[in-house]
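I'd like to ask you about the structure that follows.
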Amino acid sequence: MTSNPLMTLMAVVMIIWFGLALFLYRLDRKVSKIEGVIHEP
Amino acid sequence: MHKNYSLHINKISKRFRKQLLFRDISFSAETGESYFITGPNGSGKSTMLQIIAGVQKSTAGEIFFSRGKKEIPAGERFSHFGFTSPAVNPYDMLTAAENIRFASSGVKDEQIDEMLSLFGLYPHRSKHVGLYSSGMKQRVRLIIAMIDSPGILLLDEPSSNLDSAGKDILFSEIERIRKDTVIVIATNEHDEIKLCTKGIDIAEQNL
Amino acid sequence: MQSRIFKNLRKDFLIEFRNRSAVNISFAFAGITTLSVSLACGGATLSPQIHSVLLWIIIFFSGMSGLSHIFIREEEERTSLFLALHSDPENIYLSKLVFNIILFSCITALVTPLYLFFMQVVPAYTVYFILTAASGSLAISSITTILGAMVAKAESRSSLFTVISFPVMIPVLWISIKLTSDSIEGGAPPELRSLLFLLAFSGVIISVSYLAFKFIWTEQ
Amino acid sequence: MVLYRLIFIFMPVVIYMAFMWAPPAAILGDASRILYFHVPVAWVSVVAFIVSGVQSILFLVTENRRREREYMAYNSAAAGMVFTILTVITGSIWAKLSWGSYWNWDPRETSIVVLMLIYIAYLSLYSSLKEHPNRGGISSVYLIIAMITMPFFIFIIPRIYSSLHPDTIINQEGKIHLEPAMRITLFSSIVTFTLLYGYIYRLMNRISRLEIKAEEKHYDI
């Protein structure tokens, strides 16, 4: 695996993406939660 | 001389970005009536008047002007009202007469001179307004509002900075025109409130 | 309506004429920039393209220094409420536009001959050169009028004005630079389509600004 | 919306396709893989610009939901700015690899820079109008004016510069030949990035809506 630089690059990009995705997803959840609180009562 | 003007304010609210100024203010006034708006500093008296004059927009609510039975469309209101406020500043580099001519719609020079001498500015007519004292500037503002003898007169703190002679002139002028004009005054001065037939306290309406 | 525009114009000219400092400064700025550029170049022979780039950079920055003034003055002297009470937004826009066009034509008419004189440039097609300068400055003043109105309401005006005008002005500058270098160099016959482009551009900007000005001037 | 959540599946697939599945291009080799990120990002920056222009027009035309529209125009521009910066960075890396210099004022490069300048100008105008009650109106008019200068660039650019940039999307006599696999990868990448933009944009709008709601709740009692 280490022999192929393309593979390493892809792994790096994937890791960056997963970090970003996790962040976005958590933000999404949080906003949904607050929306629930604000719109409910 | 004028047809009957009337002014209806229907549930006006104003909110600046972060704060609510006033809410659901309604009143109406007709020719011959003079109306006062009072309230503590910062309660939105001036804003209210500027909304009526059409230079600011309300957050909600409507304003109707009508002359006789006919409603005046928003674009033509300029020619029907006079407005003064400490926020209206005449051009410093023009003389009083030039400022008044700029504001009026085709008034004769004699009429301007007459107004200037009525308010005691005739000796200073060729000086630039930038050299005037604040009381003199206030007189210029009043002339600008009244020169076209408008059907609706909106006065925001009309006697601010005026000396007692100036106040007398102002009050006698108001007395003179009050039966042909809708007058709305935003003020906290007792003398001015006494001039009016009815009015509201914005702050109380808010509660 | 027309009398209102004339009244506004008369007022603006009276004020600017009495308080000459602002106009004087923009003329002085234009003149001094031209002089310093020609001084720095010191008789070096430059290609027509460089000449036209230099000329239009001078014109651009002269415009930047002077053209937003007409609206900023109303805000700084707090007279904009007075103006708004007595004129429709459309009239205000048109009178300020005419003022700016006149002012900027004068600035261009000062800068261009000075530049030609000091740099010893003789354009091959004189009429073409003049037409380019005229329509380029028309386009610049039509853009800057509306942007000046915007910037007058904002903070940190003068630097912001350059920032927001530049991207909108790039097409005008490009075309004017190209046309000017053509007209200095000679060779290729004059390209009328590009001149028309400048006029069309000013026309579009002026008509959109005419429609949109009330959204800037009065609160929404 | 479920549609936007698809990016969580699509993006890894696209990354895999871009690096592993698509064959390397004929001349540029593996360096050409940056294409699958550069083109979609550029596409998104234009889309974001159009969206915020349309929101600005709607802001001026419609009467209701004014504040929301103001924020929506701003949000799209803010998102677009980030994508534009990414476009410039990926583009200049690619330019270095294929033409040998990071920057050479090619028409495409020029137009993305102009777009970036417009975004910068808009954002700085918006921020310096901080407390102005008419911030939405003024900044909307600016975006509209900036938008109407765009067609003029189409007229000028061919007159001023000749292009080095490959016509990647239409691709008739382009310098890079796109095989079907490459085309599929590029296309799905564009779709995914558009979805990503949509997702982020929606999230920003929801936060703005909450902000407006909170403000009204707090002050209207």
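Just so it is clear, A, B, C and D label the chains in written order, and each chain counts residues from 1 on its own.
Operating definition for what follows: a contact is a pair of C-beta atoms (placed from the backbone, for glycine too) under 8 Å apart; a residue touches a chain by one contact, two chains touch by 3 or more.
Not measured: the values here are computed from a predicted model.
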Chain pair with more C-beta contacts, C-D versus B-C: C-D
Most central chain, Cα average position: C
Centre-to-centre distance between subunit C and subunit B (centres being mean Cα positions), rounded to whole Å: 38
Distance between chain centroids, defined by C-alpha means - subunit A, subunit C (Å): 49
Centre-to-centre distance between subunit D and subunit B (centres being mean Cα positions), rounded to whole Å: 50
Centre-of-Cα separation between subunit D and subunit C, whole angstrom: 31
Set of subunit B residues in contact with two or more other chains: 56
Shared-contact residues (touching 2 or more other chains) in subunit D: 133
Multi-partner residues of subunit A (each touching 2 or more other chains): none
List of subunit B residues in touch with subunit C within their complex: 50, 53, 55-57, 75, 78, 83, 85, 87-94, 98, 102-103, 106, 128, 144
In the complex, subunit D residues that touch subunit C: 59-60, 66, 114, 117-118, 120-122, 124-125, 128-130, 132-134, 136-138, 140-142, 144-146, 148-149, 152-153, 155-156, 159-160
Contact footprint of subunit D on subunit C as seen in their complex: 143, 146-147, 150-151, 153-156, 160, 163-164, 166-168, 170-171, 174-175, 178, 194, 197, 201, 204-205, 208-209, 212, 215-216, 218-220
Subunit D contact footprint on subunit A (complex, rising order): 6-7, 9-10, 13-14, 17-18, 21, 24-25, 27-28, 31, 34-35, 38-39
Complex interface listing, subunit C residues touching subunit B: 3, 7, 11, 14-15, 18-19, 77-79, 81-82, 84-88, 218-220
